[in-house]
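Structures follow.
Two complexes are shown next, each including chain A; its partner changes from chain B in the first to chain C in the second.
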Partner chain A sequence: MNVSQLTELLPVGVVLISALVVVFLDLILSPKERYILPMAAMAGCLLALGVLGQNYLSAVQLYKSAPPWFAGFAPQSAGGYKTAILGGAFVIDGFGMAISAVALIAGALSVLCSTHNDEDSALSKGEFYGLVLLAVSGMMLLAFSHDFLTLLISLEIMSVATYILAGSERDDVRSGESALKYLVLGAFSTAFLMLGMAFIYGSTGSFSLSPVILHSSDPRNYLVIGGFGLLVVGILFKVGAAPFHFWVPDVYQGAPTGVTALMAVGVKAAAFAMVGRLLFETFRAPGFREHWTGLVAAVAVLTMAVGNLIALRQSSVKRLLAYSGIAHSGYLLLGFLINRRADPAVMEESLHAVAFYLLAYGVMTLGAFGVVSLTREDGRSLENLEDYNGLAKEHPALALCMAVFMLSLAGLPPFSGFFAKFMIFSSAIDQGFILPAVLGILTSVASLYYYLRVVLRMYMPEADSASASCKYAWTSNLLVYGAGIGSVLLGIFPHWGIGMH
Partner chain B sequence: MDVTGMPILADAGLMDFVAGLFSFKLVSCLALSAAIFSIGAMGVLARRNVLVMLISVEVMLNAVMLAFVSFARAMVNLGPPAGKTFAAEGGQIFALFIIAVAAAEAAVGLAIVIAYFRNRQTVDTRDIKAMRN
Partner chain C sequence: MDWIDVVFILSGLLCLGSACTIVTRKNPVYSVIFMLPFFLGMTILFILLSAPFLAAMQMMVYGGAILVVFLFVIMLINLRPEEIKDDFSLWTYTPAAAVGGVLGGLILSFVRHGIPDGSELDKNFHAAVNNSRLMLDLGMGGVAPPLGSIDSIAIPMFKQYVVPFELVSILIVVAVLGAVILAKKRV
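This part shows the complex of A and B:
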């Protein structure tokens, strides 16, 4: 084994080491010095982000061009970026790097979002930040894994850490309920995923995600088809797509707000990395792709419709954001449609669209949850829509940022959400899936209603006394303003986000 | 067997029956695995006690393990699929990893169930409904 290959995984190592450092620091520090813990966790994420960027730049330098967005598309013989490491267990490519970057940003910002909890809360302990970092390391490994075994293990590193995080507010019944539901349904879906892996292993004799393993097998082989079906069920569960979305609202609403932000952005990005690897790489093989595109298109349309329609009648902001997250999963699934020709260049464009969407969606969702975490009463986030009445009068800057996030999530022009949706819909249309794209645009128009409802409540002139009291915490304010500026900048200069390419 | 090639035991029929009973057949192993998996899935969907649901998830994971090990065994018997030099070890290694995953999930799961029980004194899914829209 070539040890120098491991530098490609150094960002993950940095995150893991800082997780250990945070847990040990917790033992040494006195309660008054605990404020160092979130700073250390943040520093770990930012350092890893720096190392990731350095790796990317050195790859660009070494190969005189950007590494292919998806290693599977460019064979090494064709001058592609030599990326398979550890015997093909992991593969380092632009897509994996982009998803890892989103996971690191989600980790860093959800730490910021959680720092202002009360002294005695379980959330201010070292384990909490250590687990956030562990979950982030699982997400990054998932984005790079290229083998069923590493896929499963990274998925479990991420999921088990997130189960604990969801239940980390131990005195709160809703947090415990969220953890229970997440645990049972998460483990249930993982079992389906594993059985699918078993069937595909049984028919191909290989764990690799490379499409080569399917070349010798008949597309009508019932083991492969059954295994693929089980894999799809497991993945749609993780992504929160329509027939399997029912756990999302309860889990998102009950978990502590910082953890919800991590789940809504980081876990979703990692799950979509899994979708990309399986659909765009393994099952891109001819004879298979014709079968799943229709299925994915149907699921995408159903997900967008269900998410947006149920969000219309939500009274809790966290629940509203959860249903909006389901709808956004539907939009993202549109980016994974490919036509019969499966032209690698067009598929790379689709992946760019997906990665930019995840980045833009991540920034605005993290910001929105940051605002939710700042409006508090009795140590718990206020989340009813009525609590936001007249927020603009008391906290104009926060309300402005929240308005930016809502309009950006709705996909209105000057903000990042517009370009994200534009790229996704145009990639679906390029691939010839016009009806799903049109239905997506229609549901996205419907979504304007519930996003604008939040904005209107904040700017209502007749603010009654029930206005939310906001706790001041510079960390969360930093997060909210940073995300607000980010949403605007990504909307005006979208090529900065795609400029990684 | 002796040099004539005939079975030594008089009741060879019984021995053949026993050998047939214990010989490896992929289809029967997979059928057993599918049956166990379905029992576990039904348990998760139909039972009301969270602890029993967690046990059912473990049953499902064990069914997956059985599937992996029987595929690995079939590859030893039949030889790896075309184009592969070896494939049998993978399934057994995967089964070991599933054991580790199941243990981690069980540990965390029980901790979460206990934490919830301390708050609510119940783990019945009919009582777990603090959140409604």
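This part shows the complex of A and C:
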């Protein structure tokens, strides 16, 4: 074990240290100076993002022959960038870096989103921001982990922190309900995950996620197949895919809006990192691949259908965004469909598409939750669709941004959502999964109905808008406008987010 | 009969007897109190199996911590024996007994005959054990401690698996912060 390898994990270290700094800073600040705390938390995230970018650039210089962005599958001799560190507990590659970047952005923006609370609320305390940062560190560790033990522990760091954050608004009954539901169902899904890991360990004798552990075992080995099935159940729960999606709307609606944004973006990105590692790496051997491609296609179609159809009937914006998040999980799962040949270059491209989708989806979802957190009355977020009537008249810029997020989520051309969906659908069609891709396109056309409903309500000529700005609104404004500009820019210049192509 | 056999039979009887008492007591406080001799018997069994670490953990974690938590919960909800309804019905107990019996039979048969078709499992288990013993050999300079001793748990934990072990500390920080957020009194 080489300690100098720890520099590869320096971004995680920066996040952890800033979590502790924020917690202790709370002790020396007077209640009036608490506005510094979210700034410090966000600075920590941005600093970590900078360190991550620095690591990425030095990796690019080290492996000049091929762009290392997602070269996780090419062997190192062929210019692939994939470094196993700390005895194989973690692996540093482009995919992990991209997921950590999304997690850091989610952390920074959801901190901005939850600043406007009363001074005595638990949400304005140092512990709250500290926990947000710790959850982000869990997501980043999950994105890099390459071993069932570190995978499980990082998953728990992320999950336990988000269970607590979901219940941090102690005066609100729905926040408690959300935390309890998330805790019970999440613990249940973790139990499935652990049992699956135990089966695989029992059959292979190794904790590693590298496909080597399965080489000696028969694809019909019931222990490995059973373990894989249990793993898939646990992961699909975290992702919020269709048969395991029932917790999503209640948890998203009850949790404080900033925490909901963190869950919708960060937790989802980290969970898809797990999907990528397990499907595209551990279980990519031919005997196993046939088992899961059909399964993933079926779950993806079901998830897109369920998410989009139920979203049509929602009257609360938070629930609408929750169901839209379920539907987007379905689109993302389409990116993991590969054909029998399983060309490593094609798999790289698929992961590429998935990472870009997560970035684009993350930016627009964070922005949409930022708007939800801004439109509030008497300290409570306005979340009914009726509350948005005529928002454009009083807050034209805010309404414009919300319209951008909605159209981008629906996947209309000038915005980032279009390119994200385009890459996912075209990769599925290239791989011969025409029916799932067509169903995906059809459901995303249906989704236009409920996204446009929000836009129409905002631009209705009705002056009865009740949205009042709050004390620290400028942080949320910063978030909303930043995310709006980001969505447009990523749509016009998608190659910025894709990397070097 | 060796004295070890005598100790084994006595502690086994202690376990079985106290387990039956736990299940049949009406007052939950008595049930919890009778867990103490049960854990004591288990500890003796672990020592007989030359697993001193597990024995110590059994006493410290279960006998010390978990028992007290049980007692706290029972006293907090203040459950009186006369409030517990005793509606014995065959419908609830028959399936439970059937499932318990099947599982018990399976475990007994595994103990007697080994897991059916578990050759690969056995092989992998032995490979894993040999592998960890090899690592221990390297770490200890030639002499591997016997399986089940404290060394054979401590050395992998602090050498091979030190990264996950350290990561757990982050999890504990999360738990502490969570307790502060969720339970702290307003000032």
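Going forward, the second predicted complex is superposed on the first by the 476 of 501 C-alpha atoms of A that agree within 3 Å, B and C clash if a C-alpha of one lies under 4 Å from a C-alpha of the other, contacts with A are read in each partner's own complex, and residues count from 1 in each chain.
Everything that follows uses one rule, which is that contacts are C-beta pairs under 8 Å (C-beta built on N, C-alpha and C of every residue); 3 or more make two chains touch, one makes a residue touch a chain.
All of these numbers come straight from a predicted model, not from anything done at the bench.
Novice: Given the touch rule stated above, what does A:Gly130 touch, chain B (first), chain C (second), both, or neither?
Specialist: Second partner only.
Novice: For A:Phe199, decide between first (touching chain B), second (touching chain C), both and neither.
Specialist: A:Phe199: touches chain B, not chain C.
Novice: Between chain B (first) and chain C (second), which, if any, makes contact with A:Leu149: first, second, both or neither?
Specialist: Once the two structures are laid over each other on A, A:Leu149 reaches both partners.
Novice: Just checking: does A:Asn221 make contact with chain B only, chain C only, both, or neither of them? Give me first, second, both or neither.
Specialist: second
Novice: Looking at A:Leu183, would you say it contacts chain B, chain C, both, or neither? Reply first, second, both or neither.
Specialist: first
Novice: On the A-aligned overlay, A:Leu37 touches which partner chain: chain B = first, chain C = second, or both, or neither?
Specialist: In the superposition, A:Leu37 contacts neither chain B nor chain C.
Novice: Using the touch definition from the top, say if A:Ile164 reaches chain B (first), chain C (second), both or neither.
Specialist: Both chain B and chain C are touched by A:Ile164.
Novice: Which partner chains sit in contact with A:Val173 here, chain B, chain C, both or neither? Use first/second/both/neither.
Specialist: first
Novice: Just chain B (first), just chain C (second), both, or neither: which does A:Ala410 touch?
Specialist: A:Ala410: touches no partner chain.
Novice: Hey, what residues of chain A end up touching chain B and chain C alike?
Specialist: 149, 153, 156, 160, 163-164, 167, 170, 202-206, 217.
Novice: Contact residues on chain B for chain A in the complex?
Specialist: 37, 40-41, 44, 50, 53-54, 57, 60-61, 63-64, 67-68, 71, 74-75, 80-84, 87, 90-91, 93-94, 97-98, 101, 104-105, 108-109, 111-113, 115-116, 119-120, 123, 128, 130-131, 133
Novice: Which of the residues in chain A come into contact with chain B in the complex?
Specialist: Going by the criterion above, the answer is residues 148-149, 152-153, 156, 160, 163-164, 167, 170-171, 173-174, 176-181, 183-184, 187-188, 190-191, 194-195, 197-199, 201-207, 216-217, 249-250, 253-254, 313-316, 319.
Novice: Show which residues of chain A lie in contact with chain C when the two form their complex.
Specialist: Contact set of chain A toward chain C: 1, 16, 19, 23, 86-87, 89-90, 120, 122, 125, 127-128, 130-131, 134-135, 137-138, 141, 147, 149-150, 153-154, 156-157, 160-161, 163-164, 167-168, 170, 202-206, 217, 221, 223.
Novice: Tell me, which parts of chain C touch chain A in their complex?
Specialist: 120-121, 124-125, 127-128, 131, 160-164, 167-168, 170-171, 173-175, 177-178, 180-182, 184, 186
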